[in-house]
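Structures follow.
Look for subunit A in each of the two complexes below; its partner is subunit B in the first and subunit C in the second.
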Partner chain A sequence: MPARTSWIPYALIAPSVIFLAALFLVPLVQTVWLSVSAGDGLSLENYRRMAGDLNFALAVKNTFLLTLVVVPLQVVLALAMATMVTKLDKGRDLVLWVLTIPLGISDLAAGLAWLALLQNTGYLNSALYALGLIQGPVGWLSQETPVALFFAIVLAELWRATAIVLVILIAGLQLIPKEFAEAAEIFGARPWTRFTRITLPLLKPSLQSALILRTVLAFEVFAVVYALGGRNFPVLAGEAYVWQNDNQNYGVAAAYAVLIMAISLAATAVYLRVLRTRPEQLP
Partner chain B sequence: MTTTAADLTSPAKNRAMALPSARRLLLWTGLAVLIAWVLVPIYLVALGAFGGRLGVFRWPKSIWPSDLSFAAMSQFLAIEGVFNALLNSLIAAGLTVVFSIALGAPAGYALARYTFRGQNAYRLLVLLTRAFPLAILALPLTVSFIRLGLYDTPFGVSLIHTVLALPFAALVTQSLFMGIPREYEEAAWVFGCTRFQAFIKVILPLALPGLAATAIFAFVISWNEVFAASILTVRERTLTAYLLRILAESPLHYRFAGGFILIIPSVLFIFAVRRYLFAVWGIASK
Partner chain C sequence: MADIVIDRVVKEFGSFRALQEVSLTVNDGEFVALLGPSGCGKTTLLRIIAGLETQTSGRVVIGGQDVSDLAPRKRGLAMVFQNYAVFPHMTVFENVAFGLRMQKASQADVKRKVERAAALLHIESYLDRYPAKLSGGQRQRVAVARALAVEPAVLLMDEPLSNLDALLRLEMRTELKAVLREAGTTTIYVTHDQTEAMGLADRIAVMYGGKIDQIGSPLEIYATPATRFVGGFIGSPPMNFIKVACSGGTARIGEAALPCPMAGKDLELGLRGEDAALSPNGSGIPFDVRVVEPMGSHLLLTGAIDGQLARIVAPPTAKVNAGERVGLNVDPSRVTWIDGSTGRAIARA
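And then the complex of A and B:
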């Protein structure tokens, strides 16, 4: 079956290994190195400046809050979408296409689309005005309305990034043998029981990869936030961007990068542990 | 690899028939809401993009299009730098496609056809990239890119975008090649083809649609990426980097025009690869 080991596979993977080493592993080490070197020699100066910055605590709080609200909502919404779509008969492909459009949309473009809806003279305000709920244009995205701005960002993130969870979950649902649900139905299990006892446990590997992907991306959220609120809503990646581009301080930017990486790795580790599937549990 | 959305319809059909009409109504209402939820913001940003300056400040707004014109859009495209940024985005995305296929497809082929020492280490390297916020890695690259003359070029941007797209390309092409029986190749060898000829003449034509889908995904990944592109460019900005930079000072209708231009290719591409979407993501997320 498998061909004998020769030099061919090594020659085939070598270019990508070299590439990933140069542009993934090296910058990874560089980032850590940059963050702990200040002036001459090692120090934690960059981390001290990062933690001492006025926006730091706010950025940490905002990023975590956003991730903790957005990611679970996305999973629930995607599960609901997937369940509805699998019940479809006619028009299934068309519905799926529409629901997955946001998959290809940039976070910046998503922020701008919701800006069109939510800006002062935008469509939300026009609708509220037509209903007689407000007297004139109201600002939702300024520093004075942090709660409204937060909800705006949550909406834009839900709109943009639920599609990727949906696609992963539908791909996972296809792997579950239909006989399981049919057998349960014969034994009188209600739809909700079938969903929680059969679908969800068997969907665990897909849920795991969807959660890892979305959580890592949620911690580097940036462009959506900037498009909607500018710097009114500090987040970690945004602060890294400001330190790098506006303040030209690569050390502190690297410290932010290390922090984001550490959080992402920790989250991945938690998901791998909590949602692990033993081989014998697979269908 | 061969499972597409279409394969799923048969069991779903029976269930849909069994649904009582009240529940069907509920189902379609829910779906209509979801479809509106996806499409309405795109429609509204399009109105903003073609409505011009007056459209943005009209109050209260109507959701029906009125006095739309291409003037607003062509004005935006005529702004100094916009066209150049568009061009840079296309170059960076094109190069990302070339690099990620050129580097990823051979690796995918090796993983599909050979067993070799270090195979698992390689898989681990590829999977490891997923646990990291990759765009952030552009931060330290600034210094080395300046030194190498790659800073502020679409080529430099495409390198970091390839890091994003390459693991994806390797995993997807692996299962793509696994889906093509190796007997086909062996038959070609018997008829006197070299390994290379057999690959070009037999395997490549069969793999082409899947490779095209992978290429389109690589394109979209690069086209949409904001953070790394903004960090690594100053004058030769990509469209996303350009839009991010001018966010604070540009009038709203220009922002909407930019957003609309960003969205259009994505919508078309997702339509082009819709048959492969689930197969591809099912594989890439294992």
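And then the complex of A and C:
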């Protein structure tokens, strides 16, 4: 047998590395570069303008608030749904298919669908009016009703993106042999104890993946918010969009993009650390 | 009191009948071995007793209480799983302690009982390791220790020593037997190792194709098998089955004659290799020796009786050569007669 040559793996992985570098790394470096260049030298002017903007603090607050409310809710919902789906015998695939339909709908379309439901002349108001619960159109998505608007966005995000967590958790649950829960039950563990002492710890790797994915996407939330609230509910990605298109200021837009990336990377690092599974604890 | 009554339990997986009307009574404190070939339904029966599987029909009664509709944790038993099911995310200590923690035992109690179970199974030195860092046999011992630690009234074990080397298995077997006897634990022990079953059990239930062929003391099972399967499965070498013709209450093989029962037309003579003695003068049942294997404690002779394969055990010093024809003396009271059409033994007179 010829000696195994060590360059083959590198050669095989090269195309994807080059592809990633061209389409991901280059724009990334360009964005960072754009954000720190103003006039003809390096400066933090773009960041200063970003931080000094009226909407900035609000956008940061809204984005974090939305993430902190939506992601935990999604994980809890997905855990409950995944547990139930894995218990099904018949019709499991059908149920799973129906539950994942929202994944196939683009976030803007999802936002518009919820807008049709919730706007002044939307289905919700029509229904409430028909039931005699309201006298006329009620605004849910206006500047005057920030709480209702927030919950509308939360609702739309839950509807739209819980399924991705669900799919990851179901895949993870299927990897856990059922003997572990059975053994726990024999030795006296009640259902809730089995869930917390056996299922959750063994599901940790999947939870970690799902949380990273969902949190990163939650920090980038844009289309649903934009469709439902416009700038009534400023978020970071929305501000980047406004600076890029309305203000035609690419530098500040780039600064927002870099900020979102930094937050996402930090969140990922936290998850990797807090939810790490030591290799010897894997099944 | 923790006796187990299994009453006409049937289990079907779809159209496949894994258990067909199994009935078995295990007395309080008794050690019963479930012995049978792979796929005969041993694990399925154990899982039904534990409540992990629901029987299609029939009842399971433990300690006088019908537990058929009771959740596993309410049945008051412990179990060693065939594939261990040792929790990968807990240390060996926490694994062994799991049942005690669920019972909310005091810290001191947990420590004492875990250490005792660990010492018994020689896993004291791995207590703070994770199962992934253990060998298969070590993991298996963790599973046994976890079950023993709760000092259960009923213990179900599914091939708990299958992964140990011969020496360790023998040692564990002896210790397990002593501990369970002392504690008065009602035990059902699944194995397909017959020497293990013979050595450990008060009674052995031999399973075959989803039913129990015979249940009895090791000696009964060995000496008076109820079916051709049991005779062939128990004992080494397995029992020989020779088709013979029986007329007028006598079966003739060569010049030898044996009294035979007059039932069924396909009569088979079940003869243990140890129950035949070489006759000094070549009289008796003619046996054509083909292979002689010296096993140390005995000679294993393989050959043919009346053209049918047979294995006979001879003393280590016997002078027998391959190709020779020898005569065998057989004590008629030690043979088993099988009705060839049903495979069942014919009741002795």
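Definition applied: the second predicted complex is superposed on the first by the 271 of 283 C-alpha atoms of A that agree within 3 Å, B and C clash if a C-alpha of one lies under 4 Å from a C-alpha of the other, contacts with A are read in each partner's own complex, and residues count from 1 in each chain.
Keep this in mind: contacts are C-beta pairs under 8 Å (C-beta built on N, C-alpha and C of every residue); 3 or more make two chains touch, one makes a residue touch a chain.
This is a predicted model, so every value here is computed, not measured.
Asker: Would you sort A:179 into first (subunit B), second (subunit C), both or neither based on which partner it touches?
Answerer: Once the two structures are laid over each other on A, A:179 reaches subunit C alone.
Asker: By the touch definition at the top of the document, which applies to A:44: first (subunit B), second (subunit C), both, or neither?
Answerer: neither
Asker: Which partner does A:187 contact after superposing on A: first (subunit B), second (subunit C), both, neither?
Answerer: After superposing on A, A:187 lies in contact with subunit C but is clear of subunit B.
Asker: Just to be sure I read the superposition right, which of the two partners does A:93 touch: subunit B = first, subunit C = second, or both, or neither?
Answerer: In the superposition, A:93 contacts subunit B only.
Asker: Considering only touches as defined above, state whether A:201 meets subunit B (first), subunit C (second), both or neither.
Answerer: A:201 sits against subunit C, while subunit B stays out of touch.
Asker: Compare subunit B and subunit C by how many residues of subunit A each one touches, and report the one with more.
Answerer: Per-residue touch count on subunit A favours B.
Asker: For A:65 in the superposed arrangement: first (subunit B), second (subunit C), both or neither?
Answerer: neither
Asker: Please indicate which partner A:76 is in contact with in the superposed arrangement: first for subunit B, second for subunit C, both, or neither.
Answerer: So A:76 meets neither subunit B nor subunit C here.
Asker: Of the residues on subunit A, which ones does subunit B touch that subunit C also touches?
Answerer: Shared contact residues on subunit A: none.
Asker: Considering the complex alone, what residue numbers of subunit A touch subunit B?
Answerer: 2-3, 5-6, 8-10, 12-13, 15-17, 19-20, 23-24, 27-28, 30-31, 33-34, 80-81, 84-89, 92-93, 95-117, 119, 121-123, 125-126, 129-130, 136-137, 159, 164, 167-168, 170-172, 174-175, 178, 205-206, 209-210, 212-213, 216-217, 219-220, 222-223, 226-227, 230, 237, 240-241, 244-245, 250, 253-254, 257, 260-261, 264-265, 268
Asker: For the complex, which residues does subunit A have touching subunit C?
Answerer: Contact set of subunit A toward subunit C: 177, 179-180, 182-190, 193, 198, 201-202, 277-283.
Asker: Looking at the complex, which residues from subunit B come into contact with subunit A?
Answerer: Going through subunit B, the ones touching subunit A are 3, 5-9, 11-13, 15-17, 19, 27, 30-31, 34-35, 37-42, 44-45, 47-48, 56-63, 99, 102-104, 106-107, 109-111, 113-119, 122, 125-126, 129-144, 159-160, 162-163, 166, 170, 195, 220, 223-227, 230-231, 240, 243-244, 247-248, 252, 255-256, 258-260, 262-263, 265-267, 269-271, 274, 277-279, 281-282, 285-286.
Asker: Touching subunit A in the complex: which residues of subunit C?
Answerer: Residues of subunit C touching subunit A: 50, 52, 71-73, 77-79, 81, 83, 85, 87-89, 98-99, 102-103, 129-130, 132-133, 146, 150.
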